[in-house]
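Please go over the structures that come below.
Next come two complexes built around chain A: one with chain B, the other with chain C.
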Partner chain A sequence: MNELAERVKEISDQNVYSCYLCGNCSAGCMFTDEMDTLPHQVIALVQMEDKDALEKNTSWICASCFVCSVRCPRGLDVAAIMEALREIKIRERGFRKIDLRKIKDIEKLPQIAITAAAQKFTW
Partner chain B sequence: MEVLYYPGCSLKNTYPEFEKSTYAACEKLGINLVEIPEWNCCGVVPSLATDNVMRHLGAVRSFINAQEKGKEIGTNVVVTLCSMCYNVLKRVNLILKEQADVLKNVNDFIDDQPDYVPELEIVHFLNLLKNVGFDKLKERIVIPLRGLKVAPYYGCALLRPDRPKGVPIDDPENPTVIENLIRSIGAEPAEFPFKTECCGNYHIVFEPGIVEMRTKKIIGSARSEKADVILSPCPLCTYNLQHGNETLDRSEQVPVIFFTQLLALSLGVKSHLSTEMENQILKKIGGEKFV
Partner chain C sequence: MSALTAHRERPTKEKIGVFVCHCGRNIATTVDTKRVVEEILKHPAVVHAEDYDYVCSSPGQELIEKAIKEKRLTGFIVAACSPSLHETTFREVAERTGLNPYKCEIANIREQDSWVHEDKEKATEKAIKLTKSAVEKVIRNEELEPIKVGLYKKALVIGGGIAGIRAALDIADAGFPVVLVEKGSTIGGHMAKLAETFPTLDCASCILTPLMSAVAHHSNIRLLTLSEIMDVEGYLGNFHVRIKKNPRYVDPEKCNLCNDCVDICPVTVSSEFDEGLSLRKAIYIPFPQAVPSSYLIDLDACLGMNPITCGKCAEPDICGPEAVNFDDQTEIIEEDIGVIVVATGYELYNPENIGEYGADKYLDVITSLQFERLLSPSGPAVGIPKRPSDEKIPKRIAFIHCVGSRDERHQPYCSHICCTYSAKHALLFKELVPDADIYSFYIDIRAVGKNYEDFIRRVQEEAGVHYIRGKVSRIYEQDGKVKIFGVDTLLNKRIEIEVDMAVLALSMVPAHGIEDLASKMRIQIDGSGFLQELHPKLHPVESATSGIFLAGAAQSPKDIQDTVAQASAAASKALGILTQEKISHIPTVATVDTDLCSGCRLCISVCPYGAIKLIDEKAEVKEVLCEGCGACVSTCPSDAISLRNHTDEQVSSMLKALVGEI
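Here is the complex of A and B:
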């Protein structure tokens, strides 16, 4: 197993080599219009140890709705793999995806939304 | 029936009508909700990282308070209303039941509270109603909502993921529990293909365009099925769908309300709907006699 795949496994307990790239996750994903790379393509990048997987916007667009995880014929938790890719970046020293102080209309937003965003985008 | 109750932040701040209508309905149904003392934030979204249990701690602290209160009143059932809270609490509780090392880890870390013994059962209010029985519920209805077409919206958190096994309250691909509730209160459920689709979740904070893209599709689907209202179990979905409505023309909007509000209305207790909304529904179901 390559180092990147190993790291993904460490964080998410998912083995990307189980994936045979059928594309079912990407077919069911409701957010692909916003993604520069499809979810199964990102998994293929991890299989090939292409660090570009971490630079694609795919994992950040993923909203953890788990449709992919429910439908994967190989039983992979694809959403957890996306979380692992986010976590690898978030845990990098000096990395910052968002600035919580710069939320627009913070008074209008429900705290549930802000807390959820903070959970997914920050350490 | 006495059960423990975990409210979560949205029911106390953003959408008090969700909680108030539930209390009103529960009183009528003989369900006594006992609020967990000093509950705290569940974390909203479950952490999917298996190497970091820190994010489970919020849920566990509430479990400990629930466990102690449960001993007093003699129950281990914790009911939640918010689907986000349900998902996190259910998931964390199952992880603690299944993984002794994680349980030990969090118990060792939390040294200012008693240890958590994972014997609580986390139940969503919809399943509590299902356990009471929709037939029995039907007998208690005083205002059957005949003629009202209701789009049952589930969102994600009640149905997915199915790991650990036991998180979904119903079939993840074709749930029916909200439809059954709708039928039991006399209304008609809309065949609604977008009922399990995601509203865009927390993207409302930094990428509201994503939420608008999602919610327009969901509302449009409900609209094309001629739904009078969308029934939501989730505060964040409700916020996002209402945001989506604001971006649409009035003729394309479908109002979004909580399932407990419609339940309360049909039980003849205070629904905590806006007067306008309540009148609109009452008018729809049978004329002016209720208005």
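Here is the complex of A and C:
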């Protein structure tokens, strides 16, 4: 297993190699219009250890609605994988506590980013 | 030297040979086979010992034969692999050379020694002890002959689909009587419902109905429809089967299919044969070519078989031949059977379990079998599919692959036939509705049969089907249209399309009631619920119970070609038994010393094979059922039971050899 996939597994307990790229997660996702890359493609990038996976906006558009997780035929919690990607990106900044009052243009920030920033201290 | 001679004083008349196998490097790397030979030669009963690369090879077997003749061996040991591999091989060598096969024993120095140890010194010591222990056993072995029992030269085939029909005909054509038991009112199974069959597109009925008719008229086949297996007792060659035959309420011998009863019957219910897409009466025939060729009464739907509630179909001016018989009763039929073929087939996975596709809510989201009926010239749409909601011919249609298959939430396995039958559906539909737009949502195209790839190519090229690679996430109906959420994973575009009708290629699951039947027959079920073959390559049509064979989709999802091939294979295995005069059984079975037996019945409770019965307050072993496991021997408090060639004396001297006391 590649390092990126290993890191995703540590955080989400999901093995991206279980994915057979059927696209069900992308087919059911309501917000793909806003995404530069479809969810199943992001998983394909992680399988190939392509760090671009962390630069795509997909995981930040993801609203954690869990439709993808509910319908994944390989039983993958795709939303948890998206969360793992957010965590990997956020943790690059180290253990800095966020101060909501100091965030500029907070209304432009995806809500899920705030959640992810809070969750980085889970572990 | 004198000490050695003294040691070699032989307390037994037995002359034992020992053959130590290298098994290439498997044994020789870890065990010093030369030392094993040297050491075993010190045993007083051993008159010959040698080692060789592969004792199981022809030259290896010749070494044994030569030693038996030249040294007049009374028995021999092969120190080699597990007896489950080559015990039979070496016992056959004994037999050909005039020795009793039970004077050959195996010392397992591979699985129980070289494969599991690294220290060569200690592994060699262990090999010597294992071999010595086998010598101690063989010098005390009795010469035994296999137990022979007679058999009933009759086969039972369970399931009247194409698999059961093929197996029954093969056995019956070979001259043996067959009882064919079918749960439904007619034979034919799922194949009778199909329009045309891939990849040749020959019409299913044209292939199947002559076979059904052959079954009906075959003098060697007793056909029991509306019948179920109640229980199965006995063993290979000697099964006793009880069959429950439910009443048909119409005598097939008298019925002339005039249809007057159907016309007068006031009750209509949905037709199972048409997968709920048409109506039938309470007295009906599933389809005109059904076998037996007769109506039957569906008691659940019938108003009541007496003149007060209804009873119209039985009136003499309606049923002239007086075939309708309200007094028909359930019958219990008993049969003595030699071999059994289980061919109980499959059913489609219940689409209600896949809520996001809405087959239970939306009329125009149908199953693949329903579409098959719509395509059938004899089906409810008379050959041109119309959508169930408004009877209009759909112009845009979507086929959804892998519905319930390859899915952890439903069936993790691939159902094997859906890719190709969905392609067939697309092609047949395009022929009927040339201006149709056809979408086929797939994950991978798995067309893995002879000529299937050519067929898929033909469909792609001729029918102009839009093959879209991506699993469908959601199907719902809005404003009279079926809406599909999909994705094209090759173009990386999410797709939302509207179609007139969607067809779900549902997974194949084992037929309802298979667990119950399997437990009655003491055969196994695999992790997916299908019948378990004994070995996928060595024994693909055998169940773990001798004399019971498997055929068709009851064993795994498969197409018609593979099904009939497997059915013929099962029939041929069955015939291999039916053509024998006697059946052989291992003679190393338990025996009871009736003088010592106190009739406590403990042995009966531990016997896993039901081989022991109490007769005149004494235990008696039915030898042909005994598998020689020894559970009764170690349980008996009176020491009254022993196992042939595994006597207490043998076991204790083997143990002494293992712990170094001999």
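Assume the second predicted complex is superposed on the first by the 93 of 123 C-alpha atoms of A that agree within 3 Å, B and C clash if a C-alpha of one lies under 4 Å from a C-alpha of the other, contacts with A are read in each partner's own complex, and residues count from 1 in each chain.
In this section, a contact is a pair of C-beta atoms (placed from the backbone, for glycine too) under 8 Å apart; a residue touches a chain by one contact, two chains touch by 3 or more.
This structure is a prediction, so every number in the text was calculated from the model and none was measured.
**Student:** Considering only touches as defined above, state whether A:A116 meets chain B (first), chain C (second), both or neither.
**Tutor:** first
**Student:** I'd like to know which partner A:E83 touches here: chain B for first, chain C for second, both or neither.
**Tutor:** In the superposition, A:E83 contacts chain B only.
**Student:** Just checking: does A:L38 make contact with chain B only, chain C only, both, or neither of them? Give me first, second, both or neither.
**Tutor:** Second partner only.
**Student:** Look at A:E10 in the shared chain and tell me whether it touches chain B only, chain C only, both, or neither; answer first, second, both or neither.
**Tutor:** A:E10 sits against chain B, while chain C stays out of touch.
**Student:** Report for A:V67: first if it touches chain B alone, second if chain C alone, otherwise both or neither.
**Tutor:** After superposition on chain A, A:V67 lies in contact with both partners, chain B and chain C.
**Student:** Give the label of whichever partner, chain B or chain C, reaches more residues of chain A.
**Tutor:** Larger number of chain A residues touched: B.
**Student:** Give one of first, second, both or neither to describe whether A:Y20 is in contact with chain B, with chain C, with both, or with none.
**Tutor:** A:Y20 contacts chain C only, not chain B.
**Student:** Considering only the touch criterion stated at the top, classify A:G28 as touching first (chain B), second (chain C), both, or neither.
**Tutor:** After superposition on chain A, A:G28 lies in contact with chain C alone.
**Student:** If you lay the two complexes on top of each other, which residues of chain A touch chain B in one and chain C in the other?
**Tutor:** 33, 67
**Student:** Which positions of chain C touch chain A when the two form their complex?
**Tutor:** 356, 402, 406-409, 443, 469-474, 485-489, 492, 494-495
**Student:** Could you please specify the touching residues of chain A with respect to chain C in the complex?
**Tutor:** Touching chain C: residues 20-29, 32-33, 37-38, 40-41, 67, 71-75 of chain A.
**Student:** Touching residues of chain A toward chain B in the complex: what are they?
**Tutor:** 10-13, 30-31, 33-34, 61, 63-67, 69-70, 77, 79-80, 83-84, 87, 98, 103, 109-117, 119-121
**Student:** Within the complex, which stretch of chain B touches chain A?
**Tutor:** The touching residues are 8-10, 13-15, 41, 43-45, 47-52, 55, 82, 84, 156, 159-163, 172-173, 196-198, 200-207, 210, 213-214, 235-236, 239.
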